[in-house]
Structures are given as structure tokens and as C-alpha cells.
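Dropping the structures in below, format is C-alpha cells.
Common to both upcoming complexes is chain A, partnered first by chain B, then by chain C.
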Partner chain A sequence: MFTIFSANHKRLLPLIVAAFAASATLPAGTAFAEPKQGGSLTSFSTGYRTLNPGVQSGAATGAPGSQIFAGLVTVEKDYEIAPYLAKSWSVSDDQLTVTFDLVEDARFHDGVAITGEDVKFSLETVKANHPFGRSMFGSVESIDVPEPHKVVLNLSQPVPGLMLSLQPLLMPIMPKHIYDDGQDMKKHPRNMEDVVGSGPFKVEENIPAERLTLVRNEDFFIADRPYLDRIAYPIVKDPLTRVLMLEKGEIAYAPFSGIRPNDAKRLENVDGVNMTTDGYDAIGYIHYLELNLRDKPFSDRNVREALAHAIDTDFLSKVIFGGRTVPGTGPLHTGNLFYSADTPHYDADLDKAASMLDEAGYPKGENGERFSFTLDIPSWAPQAHVPMAEYIQAQMAKLDIKVELRRAPDFGTWVKRISSWDYEATMNGSFNYPDPVIGMHRHFDCDNIKNVIWSNTQGYCDPEMDKMLDAAAIETDFEARKKIYADIQAKAQQDLAMIYMPQDFSATVYQDGIGNLPDSPFGGLAPLTNVYLED
Partner chain B sequence: MVKSAPVVKSVLRKIASILLLLLAVLVLNSVLIYAAPGDPVEALVGEMGGATPELIAELRATYGLDRPLWQQIGVYLGNVVQGDLGHSLYYDQPVTTLIASRIGPTLLLITTALFSAIIVGTILGVFSAQRRNSTLSHFVTVLSLAGFSAPVFWIGIMLILLLSVSFPIFPISGMTSSDGTTSTLGYAMDVAHHLVLPALTLGLIYLAFYSRLARTSMIEVLEADYIRTARAKGLSRRSVVYKHALRNAILPIVTFAGLQFGQVISGAVLVETVFAWPGLGTLAFDSILRRDTPTLLGILFFSSLMVVVMNLLTDLLYRRIDPRIKTS
Partner chain C sequence: MSDRATEMPTPPALPTPIAVPEAVSPTRQTWQMFYQNRAAMLGLCILLVIIITSIVGPLLYTVPPREMVWMPLTPPGQSEYLLGTDYLGRDLLAGLINGGRVTITIGFAAAVLTVLIGVTIGALAGFFGGWVDTTLMKVTEFFQVLPNLLFAMVVVMLFSPTLTNIAIAIGIVSWTATARLTRAEFLRIREMDYVKAERSIGAGNSRLIWKVILPNAAPPLIIVAALSIGSAILFEAGLSFLGLSDPNAMSWGRMVGDNRPYILDSVWGVTIPGLAIFLTVLAISLVGDGLNDAINPKLRQR
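Up next is the complex of A and B:
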């Protein structure tokens, strides 16, 4: 009557068993040396306003947050779901009831035992306060706690991506006895002061201007873990300073290092420093050219196709990003579970682009231009967006389209322009995060055309697309769901709702001698429970 | 006693004009910043990774941003007059607490940088003024040109490359090491070790400035009639230079030191960012990017307060150094 539940349950059962074994006896990973206890690891942070990932998304909160807080499950290599605070779970045949059995001797850092009430409280908190709360848990109608260590979620419709959302990064288990005092969760003082979770590390020192230091949780519910004694996160905002610290080894482990392809080359030549682009599949950081579809000329699909033919993303990724990224082929990152490469492709062909523009009614005018537009460049990823925008400007000039680049002086200015739809075109990017319902639907859903950043700000609306999105949101059979998403990606690319740029160059830089770096598709946003330092 | 009465009176008059000036600064700052496009909630929501329109409206209401502009400014000014600088939108802390927690590192950095620059700069200037065509004099000229024209963040990065990467003598960034030393002496040594590069970077600009100022002012003074008289009296060279010339030449230095001590926060913004120094400069920088209006206004108010207070102190110091001012 019950089956194990997951997004891809067909291949999950053996993996769950393996994960059980792994978490009980062996550390996951490929290192050969025997892991040993002890040592201090220095990472870094760009600064954070809260340490509670339950009320804030993003890497700055998520990286330390996943160490301080535990979740019901973890997401391991190849998206396998492994038990964490939930030792097992089962799903009813109609996929509408999910029952979790919790680990019995788990305690928060202040010694209070964790019960189903904390889980219920946490899920309700995330649903109400996290930016993705509604897309993750909108279908959770009620939560029962029949026994102290048993939690039952009652769903109004199946939620195929549910398990992925139950990891500490997206649904940290928060102590009800601390937070349930009627204060606004987003501004709760305990998100920054004396933060109490149940994860592998505890907060020792939190000086927001200077440093966050975490120390080993001696009473962690997984025996003999974690291996590290402490993790330090000095605050380093300046990217150049960060590169030099990485080079010198003052930072030993830097997920989301923010380095540019040029820095990568420099760092690769340093002895003892390594770099990997693994660990970003789930976050799925993609870049795109967003055109305001409400007005001419971009309301005309043929104009958009002409632009797509003029922008050679292959050239961009190979030459401008040194071959360290791959061109985007649609709204999903190549590392996403539902990625499909089978989408319309627009060959680089300036002549074709020119004749398409002629036909669309945009011939070269008396001033030598077809038309002109302003391209906004946001402030938050200049290393990616500035070269992209400059390349687009040069390519458009070849088509006699004049592009004026407008660099946002700060984040708020850009957000204001885009979210009030007061723009013609902008460089943009977003996260898949990792279920498409969270990170992708928001850009295409007709209901999500809102004055909110990273919603459907370009104003794309298509009834057929809406229907497919709705179907994919509740399809629990993995292969069937994959098929729907393949169609969605093809349609997005056919309609050119956005013009996809090369994916982000996201890299983790780390020193020699660190064992068991997380091989989760969430990389550095996963718990560092098994990480150890070699001699 | 009799003599101090006009001093007290003039100081009181000064304080009154200072208060007026501060009020003007406050009004101007708040109007400018509140009128700038974009609002903090947009920035906040962006950093959170997006939000629903309901949440955005709720946040606006919480921070009073849904009220008309003139009301927001009015409420702010009213609070400041009562000594309340408001609440940081980002950190959710009183702005005064926030500034208090960051002022220590900044004061440490700027006093170290400024005082070493003044002392070393004056010495260099005085020496080079006496031997105008010597190597030292040319060196001072080149140094001051370079130090004055090179961007401060560039100097910072170059110093890091030289003294942290190529010759790893000093740490690249931060104010303390993460290994948690417990003894007070160990802590002080650790901070001092981290302080060298940022203070050197910030100090170099001012060193350039003061060596140049001391040189010019000294040259001018050395040509004055009373120096010739002093020499003619047969006083020793040492006595002429240090007793007669330097005491006069130092006046412009004191003036500028006083003025600059207040303004040095602006230089600290860049240096603190490059070296991840946890002071007011980084806070100001972040507040601009985050549109954290109350914090930014608080810092601006605080720096203008510093400027006027330093001016007042300079004024008083002047009376000590230059007896002519007392009588005039």
C-alpha cells in the first residue's frame, strides 16, 4: 500500500538503501585516506542579514545555514534523497499523504529534544515566510503530529519535487520553543543572535561585520560526525581581495567563489589550489537576455528570432568565457534532472537575421538604423553580464540596430526598473533551484506576470504553455514529467520568451588536503558533515 | 580668568552655528536620499530571491515607506532631533548601535593612518625643504605625486600583492585571525598585524599630502624676514629650523589635519572594502548598495558631526599654537 516517495522513485530504492549504509558507516565521497577528526576549515562569506535559511534564500545564508540547521532529508549525489532527521518516510497510493518517522534522540544545540511539533512549525514558517514558500509547500494543506516522532503531511495535490525541498537549505528544522513567540519570523532576533539549530555545527561567534565561526556540535544526532572542529567564514566582499586570499591559501574552501574565467586561469596555476565547477547542478544558475514583450519591436516573435540568429552564444561561451561555460539551450540548466537538449536552435547567421528584420517591417531607416533600444545591465553579476551586453551591442550594430547600454548603479535601481516593467531589454539571470516548479515556472506562468523581480516580468503568456506547466507541477511519474518538461523547454525556445545566454561560470576553489567535499548537486550549500582535513 | 571670557563667548557662538549647520546638513541629506529612485524594499526582496506582492506591501508598511515622501522625511527629522537615528532596514538594529559597533575599527584605522602620515610627512617635508635639490627632496616630490594621483584601491591591491602574496609578511584582509587567540596581548598583536597594510594604504595618500604641504610651507617660512633675523642673531641652525621656522610652518598642517580627520571616513570606505576592515566605511558602502536609508543617513550625519567637532577642536588648538589668534 505504501511506496517510497520521490521525484524519481523508479531508481530511488537501491539508492536509499545505499544512502542508509553510507550515512551509518562510511562517508560519502571518493577519498581513499581514512577520514580523521579535527581541524579548522576557513571558507568565506560576502555578508548576510540572517543565518536562518527558512526565511531567506541565497548562498550567503544557505552555506552556513545548512551547517547550523538540519533538515528532514539531504540531497546526495545524482539527486538521491537520503534520510537525515527523518529516518524513513512513506507515501500513500494517491500521493496525497506523506508520513515521516523522525530520528528519536536528536536534539537542538540548546539540548531540547526535536519532535514532530518542530517539523510542523518549521514547514508552516517556511511556507509563510520563504520567498519560495508557496511554490514549495503551497499544496500542503495540513500537518498532523500523531506521535512525538511522527509527522504526516496532507497534500491537496501531488507535489513531485517535495523531497528536494525538505533539505536544510530550503526547509531547516527550527526550534519551536525559541521562535514561536509571536514575533515576525523574517525579523526574529534569534535569526542572528544565539542561533539554535540541530545541524552538525553550532554558532560560536557571529560578528556580522567581520566573521562567523562555527564549531563542532558534540551532540550531533549522527554519531562521530562531523569530522571538522570548526569552520570560519571571514567576511570578504571585494572579489579581487578574495582571489588573492584564495591564491595565498587564506581561504581554503570557497563555494560560490565569484571568480571570473580569467581568475580561474590564474588560480589553476597555483600549487595546492584546485578548482571545480561541480556542485552547481541543482542551483542551476542560468543567464538570459530578457526582452519586454509588451511593446514593439520585441512583441514580434520574428524580431526576437532575428536577434537570436545574431547572437552566437557558442562564440560567447568559447571565446569570451574561455570555454568555461556552455551555451544555454533553454530555461533549464544542463545539470537539472529535467534538462532536455532537444530544443530549437538558432544558428549564428547575420544575413538571415537581416532579412528577417526586413520582412518584419524593420528596414534600415534614413538615419541608417532599423531601430534602437536600451539594454539594462544589473549590478549583481557584472563579470557575466557586462561582456554579454557588450557583445550583444556589437552584434546589433552589425544589424544596424543601435543599443545603448545602461549599467545600474546599484541593485535597487535595477530591480525597480525591471519589476515595474519600465525597460526595453535587460541582461538577467536566475536559479532553477532545482525543481522547475520553484525556479522556472515563475518566468512563464500567465498568473505570475507581476511587479516583482524574477517573476514573469517580460510579460509572456501562452495558454498552451500554462496547461503544460500545470500538468508538470503535479505529475509524479518521473519519466512522464520529464517528457512534459522537454516539451516546455522546446516551446520556450520556440516562442523565444527569452534569449538564453551561456550558463553561469560558477566555481568552487579549494586547497589540497580537504577530503570528502560534498558531492551533492547542491555543492557547498549541502551539510559539510563528512568533510575532513587530511594530514 | 578675565582673559578666558571672550574665548568662552566665541566658543559658544561657534557651537550655535555648528548646530545650525548640522541641521542644514541633515535636511539636505535626507531630502536627497529619500528622493533618489529605487527603494530599500526592492533591494531587500531582490536579495531574498524574490517575493510575493503581498509581502512587498507588508514590508513597505513595516518600514513606513508607503507614506508620502515629505511625511517620511518629516518623521525622520523629528526623530533625529530627539536623538533617535532610526532603525537599520537591513540589520534590524538601531542605527546608533550599528554605528557604535563599527566606529572602533574605523577610528583605529584613521588615527593610525593620519597620525603616522602627519608625523612622517612633516619630517620628510622639513628635510626636503632645507635641501631643495637633494635626492630626498626629489623623492618626496615623486612620492607625493604618485600617492596623490594613484587610486587608493589600486595602492591597496598592489601592497597586498607585494607584502602579502609575494612576500607573505602581512595578512590580506580582516581585522583578526580566525584562530581565536584569548590573551589581550595576543589580540592586540593580531589586530596590529592586520592593521599595517590598510593603515599604510590610507596613510600613503595623506603622507603624500602632508610631505608636500610641510615642504611648501617650510620653504615659504624659511624665506621670511624673521628667519633671516634669527640667523643674523647667530642662532644655531637647529634652533632656527625647529624653534622659529617649524612652529610657524606647522600651522597649515594643523588646519588640514583637523579638516581631514573628519573627512577621512570617505577615504576609509575604499580601503575598508579592499581589506575587509569591519568599520564604518564598509557599513556606508553596503548601506548605499542596499538602500539602507536610515543607516546611510546616520553615517552621513555622524561624519558631518565629526567634521564640525574636529573643526572646533582645531580652532582651540590653534589658539595654543598661535598666540596671535587669541588676541585678535
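Up next is the complex of A and C:
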């Protein structure tokens, strides 16, 4: 019954059965100690433009957004799908019709009942406004609401990753009676002011650039949840300040803490403070060196291979990032369900790189250089990109390639350069998200060579790759799909569409005494419904 | 000043020769005053050491400043690299020696620009007076009320952080004091008898400005120019601290800025280049003060 949607159905089935038995009140993570009601948890935010994750991706909106809004399902440990606002669902045999039965007594924060119309409205809003809206729900042809608490999705083709997209981060249930007034959803004032959500926590106070406070939703549809009375998000932009606050215990729970590996070492030594890199699998934050494949010399695959031989990602992971990251082996994060390690590997070998460049027609010129290029460094994630870029510059110098680094002063400048394809090379990174269709296809699909950031900006196009991507997008058998993605990863690495750098060092820092931290692959971007404070 | 002094006619011989102290050229006199000023001499020595190290150092200490040579964040004295390493395992001593060139070059370039703009505008305003003065002083006031650092940041952000742009940005935000000082000097000197005399024998405006008045207005300007090197270096450090440094050139300010995120684990990474900046600016200030004392005639007989 659930085959096409289960990421790993062997583990999934018992869970769903169990969840049904518990009538959706107990998602995963039952603790040994008795959870208790009450208490206030201090997290942090780097600043957000909107609290509505339906129109904005990213952790800054997602962390509080997943508390304010509920989704149809949640994604639990090992990608298991658990009921949330949808108490059950069924899939037709041709896998083109999915029917959801909603919890009946669920209400928005303003007391209005949540119905199928709100689900329909939310899905249409996300499809039209979310950056991945089309990747996630492009195949949803129509939505029927035959009964107030029943929703039917009619698909044009099977969507294997559909259920993973229906949790609150990617598909929050928004109140139609508030938002459906003809205003542009992306700029709707109620995304920031007087936000009416559907999730376990309500907005108590929202002072942008200062702090956000959420309080317990007393009328939440899961009985006796959430446990916490309050979650506070003071705005802390400076990473160094954040580290000091974590060290002093002023921040108790920091997903996407943005700390550096050396800070991690420091924080681990503080009593009562813990650090984990778990909870980022579904986000899958990878980094890469993106080369503009339209122009020489990077249009030549052998040149790219020479570069790959010159960049020792093992050294970067082990030495520069203190062994806290692993080298990227292809377009998927090691935590992704479809990850395959079986991809071509380019050993660190400067001599080989040099002779490959000679053969490719780039010998050392009269000025002592083979060629030169400008390497852009984005304004975001400098803790990862600046050391990587400086390392690449030093390695290229050994190959007699001159690299000019260009640091973008702000996000917009960098986006403009890359999305207008007006660059030679850039440090870059992106999120896989749980399903490769969302986070990975965009970089390889010939149809996605667009003037849009994090699309196929490098201009990679290969008919064979396209065919595999199309096949993987609709393959409903998990093992078969995994096999296609293994081939795709091997081909991406073979073609060197990008040169993969070490994966991101994403870490959650938390204090002792917090129970039931989410063990979802979405980590801190999952609902904190079951989190409680120990005595 | 010395030019004018040597051009002066020798005084007529006195009727009865008395013991006349041997004539000392003003340059020499200035140097003697400067030499007797211990603080100024100390500053000069420090400055010379820094400049010579920056010029000769990279030839003698050949560790490449951008290469990863040791474990990252090694404290000073724990490896063959004396001052330790930064977050990429690069030698801080090599960075310091190579960074000096860039820092001092930016300092000088920005100071030259400051003086060029400032003196030109101040001289024109002070010499011509009237509407020229009013207009130019309005422009000066406009630049004076702009927040310096913010304005420089905007300029650097707009035109990308390269060494040239940074020097230009510093130059165009810090010339106002020089302009006002030059204008004041010109207003004073243009009314002097020797200027009137020059004019009466047919000297044109440009000769009066550049050949007659400017040399006489020079002493305070020299001091301001010297001090503006120091403030330009500080300015560059400030911009770098905010992340606005040329990523292709190692400067002390950039070393401070780049190592700042690692300050909790590597105090030395920020302290060492910071000390270098501090010493250089201090030395320049001491030299500037010394010059002030030495050149200012009112203090000569103290």
C-alpha cells in the first residue's frame, strides 16, 4: 500500500502500524525518563525575513517555521514517515492518486478549524511560491476536497519523494482564511505580523532583528503536547558571539549553529555542553567548486580532472576542518538515502595534474603561467568557503595557475554574477534536501540551465544524464531507484560537472538536560513537539 | 623652505665685525631639533626597521606566506615557524613580513592621495577666495560630514576590494583636514609682503600658488602628511577587520580580520599583526610629533 512513498519500506511499515495503533499521538523517540510539561528553551536565530517556510527555504525561516506550522506528516528517524495532521493516507494502485484523512479537531492558532481546503490552498501556494515548489509538486495535477477532512492529490506521474515533502518545513499548512486575499504570498504581511499557524507553538513576540518568542499552543491537536512552554530565538548574527553564548549556556539549543571545527573542539570541552553532527541528513549540505563549463579552459574535461587531482579534499577535511567533515564523493551527501560511494576518485597528485594540463594544451607560458582565472567567494558560509578558496589558490599556484580571489561584498552581488553566468569559477554549496529530485536534479538537468541561482548555472548538459534523471524521478521501486542514482552520481563525478569539496560541518550544540531532541533527519528543522526539559 | 632661505640675499656686512655664530641651514637646524627628540628618534628607528624588513625581509625569509606549512593554529614557538601558524596552517611570520609591504604601500599611497586632493582643493580655495572658496569649502564640508568608515566601505563594496580601490577609498574620505589646513595657510600667506612683491613683478597665479606660497605653507602640511600615513594604515586595518580586504594581497589588517573568527583558539593570530600595526602607527605618530616640534619655528628657542 505504501510502497512508492516509503523511503525504506522494510523499516517503515512496522512504524506506521505502530503509529496507527497509537493514533498519531506518539511519534518516534520515547524517552526513558518521564517527560514533563513546562520550561523555556533558548535557541537562536541569525535573522529571518519571513516566518512562513511555505514561501522561503533555509534554516533561518525553517527552524521557527516548523514550530509555528504543522505539516501533513513528519519524517522520523531513518526517514520513516509518521502521521501528523494527516492521521492516515492511502495510495491507489496506479500510484497516481493519494488520499489523506485529516485529524478532525485540529485548529489554527486563531481557533478556526483546519480543513482540506487549507491543505489544498497550502499545497498550491507552496507549488507556486516556494523555491522548490515545482520540483516537489510539479506533478500534482489537481487537488480534490471531497469531504472537509479528506484531501485527494491527483498526480500526472508517480512522485517517489512526495511524502518527504509533506512535512512542515517544505509544506506548512497555512490558513486559507488569512492568506487567500489576493496578495502576493511571498510578501504577505501576515508572514511576519500576527502570524496564524497550525503547529505546536504560537508566536508571542516577533521583533525582527532582535528576538522571536514562541509559546505553547494550548489548543494543539495532539493531546498534552508540546511539552515546552516557550521557545526563545534571540537574534545573534556574529558567529563568535554565538560561540561565547553557547559556552556560557546563554543558548541552550543551537541547530545550524554555524560554528567552526575549532569552536566545536572548544565547546566539547565545556561541562554540560554537547555537540552533534546528527540531524542534517535530510538537509544534506554539500560544498563544491563550480566551474563555468561554457568557456575555456574549463570546458575541457581534462583540465577539470587536473584540478581535481590538485585539490586534496582529504587534506582539507582532515587538517583544515579538523577531521570533522568528510570529502564529497559526488552530488549527494553521505546522509542521503540514495548516496553511493562508488564513484570515480581523483587522487591528490600534483605531478599528474601538471602533465594532464600539458597534454590538454596548457603548458607553462612565457609569463610562467599556464592560465589564470577568477575564483568567486560567496558572502555566505565564509567559514567553509574562505579556507577552501585560499587552499585552492595555493594549490593552483603550485601548478602555475594564477587564481584571483574575488570576495562578494553581499549576497546579491554574488547571486547576480553567478546567475547571469558571468563568472569563471565560484565556491558554492547547496542542500540536497531529502529527495534528490529537489536538491540534486536542479544542478544537472539540461532544462534547468537558467539565470537562477542554484540551478544548472555552470551549463552542464548531457543527454544520457538527462535520461537517467528523468527515469529516477518516477521510479517507484526503492532499490531500482537507488541503482539509477548510483549511476547518476558516478556519471556526475566522471564528467566532473562540479568538483566536490568536503561536506559542510553542520553541527547542533545543546546543553545537558534537554530530553527528546528530534532524531529526525531534519534535526532542528523538525517540530520540537516532544522536546522537554529535565529537572 | 630651504630653497627660499638659500635664495635670500646675504645681509650687508656689519661695520664692526663681532663674533657671528656660524650660519646653520634651516634643514640642519630642523634635523638637530629632531635628533635631540628621543621619542621621535625612537619612532624613526622603529619605522626604519619596519620598512627595511618589509623590503628586504621577503628575500631573506623565503617561506611562502600563502602556503600551508604546518598544522593549523599552532601557537608561537612550538614549531620551526617562530610565530606559529594561522587557521590554514600558514606561517604567520612570513605573513607578517610580506604583509608589511602591502600595508605600508597602502598607507603611503592613500597618504599621497590625501595630500594631493587636500592640498589642491585647499590651495585653490585659499588663494582665490570668493566663490571658488565658498564652493570648494562646501564640497569639503560635505565630505567632512559623511561618516568616514561607512563611506569608504560603500566605495570599496561598489568597486570590489582591490588594493588600488582601498587606497583610493581611504584617500577620498580623509583629505578634508588637509584641505582646511592648506586653505588656512594660504589665506595667511597670500597677504604677506613677499607674495605681494612677487605679484607686483608680474608673477602669475600658478607661480604664486606652487612656487611662492606652497613652499612656505609646507611645514604643517608635511606633518599632516606624515600622520595621515598612520591613519591610512589604521583605516586599512579597520576595513580589513570588516572583511573588506583584497583577498589576493596579504596585509596586516587582513591578517587581523581573517584570524578574528579564530580568536578564541588563536590569540596570537590576531595579536601579532595587530602589534605590527600598532608599532608602525605609533612610530609614525612619534616621527610626526618630532617633525612638528622641529619645524615649528615658535618652538625653536624653547
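What we mean here is this: the second predicted complex is superposed on the first by the 512 of 535 C-alpha atoms of A that agree within 3 Å, B and C clash if a C-alpha of one lies under 4 Å from a C-alpha of the other, contacts with A are read in each partner's own complex, and residues count from 1 in each chain.
Throughout what follows, a residue touches a chain if its C-beta (ideal position, glycine included) is under 8 Å from a C-beta of that chain, and two chains touch if they have at least 3 such contacts.
Keep in mind that this is a model prediction, so the values were computed, not measured.
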First (chain B), second (chain C), both or neither touched by A:Asn262: second
First, second, both or neither for A:Phe220, with chain B first and chain C second: neither
Partner chain(s) touched by A:Tyr346 [first = chain B, second = chain C, both, neither]: neither
Which superposed partner A:Gln393 touches (first chain B, second chain C, both, neither): second
Touching partner for A:Leu240 - first (chain B), second (chain C), both, neither: both
Partner chain(s) touched by A:Asp410 [first = chain B, second = chain C, both, neither]: both
Larger contact residue set on chain A - chain B or chain C: B
Chain B versus chain C as contact partner of A:Glu250, first or second or both or neither: first
Touching partner for A:Ile377 - first (chain B), second (chain C), both, neither: second
Overlap of the chain B and chain C footprints on chain A, listed as residue numbers: 240, 244, 410
Chain A-facing residues of chain B, complex: 37-40, 42-43, 45-53, 56, 62, 90-92, 101-102, 105, 157, 160-161, 164-165, 168, 171-176, 178-180, 273-276, 278-279, 282-283, 286, 288-291
Of all residues in chain A, those that touch chain C in their complex: 239-240, 243-244, 260, 262-263, 265-266, 319-320, 322, 377, 382-383, 386-387, 389-391, 393-394, 397, 404-407, 409-410
Parts of chain C lying in touch with chain A, wherever the complex brings them together: 66-68, 71-73, 87-89, 156-157, 160-161, 243-244, 247-248, 258, 260-266
Residues on chain A engaged by chain B in the complex (per definition of touch): 40, 42, 47, 49, 56-58, 131-132, 134, 184, 187, 189, 205, 207-211, 213, 232, 234-238, 240-241, 244-245, 247-248, 250, 379-380, 410-413, 415-416, 419, 431, 442, 450-455
